[in-house]
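Across the two complexes that follow, subunit A remains constant while its partner is subunit B and subsequently subunit C.
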Partner chain A sequence: MTSTGLIVVIAVGACACTLVVLFSYKIVMGAKRRFEGVRRAAYIAVIGELAARGSYPTGILSDWAADRVFRSTLQGFVALVEGVERSRLLQVAQDLGIIDDEVGRLRSRRTKQRVRAAQALAAFGDPLTARALSTAINDRAAAVRVNALAGLSRIGEPELVAKILRTVDSETEWDAARIMDQLVALGAPAVPALLSYLGDLRAGAPRYATMAIQTLGAIGDLSSQRVLLDGLHHPEVELRAASAGALQRMGSVGAVPGLIEAMRDREAVVRIRAAKSLGESFDESAVDALAHGLRDPEWWVRKNSAESLTRLPGGVGALQEALRGSDEFARDAAREQLMIMGVPAGAPVDTTPINGQTDGSADGDWIAEQLDQLDTGFAQRPGVPDTPTPGTRHPSSR
Partner chain B sequence: MSLVTIGGVAILLYLVGLQVVVFGLGVLSWSSLRREQHAAEDVRLFDMVSSVTTPPVSVIVPAYNEERGIADVVRSLAMLRYPLLEIVVVNDGSTDGTLRCLQEAFDLYEVDMPIRPQVPAKPVRATYRTRLPLPILVVDKENGGKGDAINAGINVTRYPYFLATDADIVLDDECLLRMMRPVAEDRKRVIAVGGNVRPLNGSMIRRGKVTKVDLPRTRVEISQILEYLRSFVAARPGWSRMNALVLISGALGLFQKAAVVEVGGFRRGHLGEDMELTMRLHRHGRDRRRDHRIVYAPDAVAWTEVPASTAVLRRQRIRWHRGLMQVTAEYWRMMFRPRYGILGTFAWPVFVLFELLAPVLELIGYLTAPVIVMSGIVDPTRALALVVVALAIGILNTALAVYLDDRFGHYGQARHAARLLWMAVVEHFGIRQRTVWWRVRAMFWRGEARWGDMGRSGVGNLGRRAA
Partner chain C sequence: MTTRRVFIVDDERTVSTLLSRALESIGYEVVQSFDGYEAYNLGVHEPFDLALVDMFLPGLLGIEILSKWQKAGVEYPVIMVSGSNAEEDIIQALEFGAVDYVTKPFRVRELLARVQAHVRTHERFLRAREIGAGPTVRASSGATTPFP
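Up next, the complex of A and B:
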């Protein structure tokens, strides 16, 4: 055979072999996936029964315990259920030695093994694994540390939280966010550690201060209110906005004066969130500030103010007053909100006093003052007029 | 040595170079996909769903005469697994009942919304919100093309990131979550993320979601599946790893709003507006020595309807190639400039050489090969051997793409594998040459490059629908 012929034979042969091998590979992998699916379906049925009944034939399960599909199904199931069912499944995992295996794998030299083990233990959240997990939060792999913390959060080990927060600034943004997620899961016991991490915000903010403030907001514990109110005065706008947003969850009357002050912030994003948070306070003293908010240069402040007013005693009255006032923006915001509520524009005015001020025209000075301050605000950027869409008024306004 | 021989050798070298680059990218993509898969298994992705730290996203859907499927698409977007998003549908002056469909499906009412003209767009006629508890906003505007419609969407969005998508696309539940992962990992540097777009034809849809993946019946459609696999599975992961992605598909691209606004938004009236924006973002960032990244998320999957008829496919390919020509004309200065990193020194020249010029060189090869053989310059046996080797490498590259795709778990049945691999062979006999011809026409003939009716049946009417 000539060299040319040889080349052709090799090319065709290589091509044909590759296609045959790939075809076989696809068939085998497809069959493998289908078999796994069948096994998983069977295991789901069995584990559901185990969770419901509590008693089981140990011999059969011991055989299954070595199957990674069984383990991952059990792991997923435990993470979903609570109470007695969870206790029963944890007992199964302990009896079959699955949890001991995972604790052992947590000491493996291979990162992948340790990550898998930490994921499993985080899902199980077995109190007996607290010691192993507390060691793992010092692991060199971030995925192990985060999963270990998730396990500890599930178990409820607040004293270890402070430990991991001390080094959170050296984590990546992603890992820091996942750590904060676990603190939310831990709830109120995590608050002291978060407050300690934030320190005195007037003196400066740590790297992930915004995330920590968002976390405090998600936990919603009143003990963090003081720090969040301090955050409203921080020089960084992101932090001020996060603080205003975080106070929303508290729904505390004590935060109202601070939030009313935030309604005068020079940055629209802070005022937007403050307007939203005031609505959660259910405090009548916020009505005035929100009525001012209806005349804000930023549309979203007006919108949130109008929404929040509907939640406060006397708020609907303020909306109706705005509807009769001279300010076009306030009228639009009030009209839309009243329409959403189903209150006709001509309905009798709610006469509940709103701190003695019902005349929108008296607010002209305050608005002018706000406009003067808004030299770099969101809505005041050059060439970015904040006017309503031309021709898009609601039919009821025409 | 005659001119013909030199030309023949040059084309041979070109073909070898093309296949080597494609193979190299395939290997790099394989490595990237492995790494990505391991990373995805390790991270607690679904914590993002309930996390207060997850950035909110606006989804912009430009729609022009999409009454057949728009309601289903918006419903499917509303079901996306993501903690905080708003869906902005931009009706780009449709002449059919797109707006009416939306009004009926979502109980819309007209509202005043602030429009901040941060990027240029045609005037907005009206904005609508829904009375349903869904975060949907509809913008009705004058017709201005896809880029213009996305710009209009940018001007009304609230959130710092936006996903630009099409009105004929179905996103997997976790698509947005997976696209946002690179952003959440590195908010300062990642300014754009591309997703993995797959052909929807032949698959089963239930309530706006793909429930069963299957292959379509026609060769035209299956050959496009192979093309998508070669591009989205066997090439983009490799380019992304080098931070040299030249294209974020207009069907599925996530952008940092501030970055897009800074460069002036999408180019209006451009045939390749997605590629043009990607290149502009690269150039703008690198000119200012910013350490920006434009990345690809292979596990973020969306499904789109591809042309089922030859006529529609021809129009699409001509438009794509014209778009590529426009972008090349505007950004050719970036070639071989070290300032633009691997993009300027390698990726962009390779793209121009093997995408823009490929059809011309391939056509010259087809035309001159018989002449060279018949004139006795090259021995016919050797010429045949060269053709066989080139074909074999081409088939192997497609096979590599099919292999890489296996990790996504689609097309797992024996008949799928058989049809895909059979098509990997037969597409070299007729289908490939037809595409080459269309692209040559795009370069040398005027007309046929406008947006037209793509003959879509609408997502809700496509594929083998579930009962």
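Up next, the complex of A and C:
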């Protein structure tokens, strides 16, 4: 046999062996997955029974406790329920030694083990593991720290938040965002530490202050309103914009004066957020500022102002007013918004003052009728009538 | 007394199993579905007293199922069960016809109480309609019409 022939035979043999190995691996893994699926189905049935009815076959469960499929199924159930059922399942996890085992694995030298343990403990959220989790928030692996914080959030340990925030600046942006997500889950108890963190902003400009402000907005606790209003005057534009956005999520009427002031900010991004936020306030006193926003040089400010005006009492009147104003930008923004609401661009313009009485003209009555129908929630606009419908009232006359 | 039937639509076996065990423990008959399209068909053709529907499903989304059921004239109450507690999701689900919205994690006993309350209300509504003295209902076209 020539050397070329030998090489071909060896190559074919190697390919065949590789194929056999891959095929065997596929078969074995498929069988393993199927077996896991069968086990998971059995565990779901038993743990579901246990959670719903409280029956507790201790002997069988002890045999299953070491199986990671059983553990992950149990974690899934614990994450799903609250109250009595959760306590019952936690008790099972404690009785079977699963929680102690996970706490032990949290000290493992292998990062993967520690991450899995932290994930498991975060899912269980057992108050007895608070100490182990608070140690884990100093772990060198970010995934362990984040999961430990998730667990502490579930347990409700607000005093640790300040400690975490002291080191948050050294995290990557991604991990810091995940940490902030956990603080949102913790809710109002996290607010004092976040406020304290933001209080230190005056000394410099921490990297993640914007995230902290967004977190306060997502939590939506009114105690943070004062700090967010102060944030509207911060030298950093990002912080001013984030504050305006957070105040929007809060939707508080008390923030309206500050947001009106922010509508005059030199940076467009702040005015954009402020215009959006004022729409959430449902406060009539914001109408003038938003009407002014219709004439803003920035398109997004005009768009947000127009949208927000539709949410405020008297806001639609301000859009009508802008339609017959001299400012081209304002006219366009108002026309576009009225069209979105169902009033066509070519519609006759109401000549009634915003807060005045209707003059009885056909055009005025026509647009009043359109707005009346919009106000009452009819999405479908009827055809344009030749004459005004008798008895039509102007919204302002209500 | 006839057994009340509840339809559980959730692709997560843990949720589905837990809910069905809990409902069976208080005497309800349970039908489960794990897929949006199958759920839509079953929901239209089978008689139920209430449905528990997950927001995110393979095939059709929970609110799509709700919307299609509404158009098909399904009358029994629907409770949305979802992991999302976002205001927009809750409002959207209620606007699409859900009578209630429950977020995960939930308290099983509280959820059972909600199910029983909505089933009771629906039964009262059906009885009132039978005797012709019921309240008005909003038809699918959006117009408010009285019962005949």
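Following the convention adopted for this analysis, the second predicted complex is superposed on the first by the 312 of 398 C-alpha atoms of A that agree within 3 Å, B and C clash if a C-alpha of one lies under 4 Å from a C-alpha of the other, contacts with A are read in each partner's own complex, and residues count from 1 in each chain.
One rule holds in what follows: a residue touches a chain if its C-beta (ideal position, glycine included) is under 8 Å from a C-beta of that chain, and two chains touch if they have at least 3 such contacts.
Note that the structure is predicted; figures quoted are calculated from it, not measured.
By the touch criterion stated above, A:G76 is placed in contact with subunit C alone, subunit B being left untouched.
In the superposed model, A:F23 lies in contact with subunit B only, and not with subunit C.
When both complexes are overlaid on chain A, the residue A:A11 reaches subunit B alone and has no touch with subunit C. Using the contact criterion defined above for the overlaid structures, shared-chain residue A:L128 touches neither subunit B nor subunit C, since it reaches no partner. By the touch criterion stated above, A:A66 is placed in contact with neither subunit B nor subunit C. Taking subunit A as the reference chain, the count of touched residues is higher for B when subunit B and subunit C are set side by side.
Contacts of A:M341 after superposition: neither subunit B nor subunit C is touched. By the touch criterion stated above, A:A41 is placed in contact with subunit C alone, subunit B being left untouched. In the superposition on chain A, A:M180 makes contact with subunit B only, not with subunit C. When both complexes are overlaid on chain A, the residue A:V84 reaches subunit C alone and has no touch with subunit B. Shared contact residues of subunit A with subunit B and subunit C: none. Residues 2, 4-5, 7-8, 11-12, 14-15, 18-19, 22-23, 25-27, 29-30, 33-34, 112, 115, 143, 146-147, 150, 172-174, 177-178, 180-181, 184, 211, 214-215, 217-218, 298-300, 332, 336, 379, 381, 383-395 of subunit A touch subunit B in their complex. Residue ranges of subunit B in contact with subunit A, taken from their complex: 38, 42-44, 47-48, 50-54, 109-118, 123-127, 158, 181, 184-187, 379, 381-382, 384-385, 388-389, 391-393, 395-396, 399, 402-403, 406, 409, 411-414, 416-418, 421, 424-425. Within the complex formed with subunit A, the subunit C residues making contact are 13-15, 17-18, 20-22, 25, 104-110. Here subunit A touches subunit C in the complex through residues 40-41, 44-45, 47-49, 51-53, 73, 76-77, 79-86, going by the rule given at the top.
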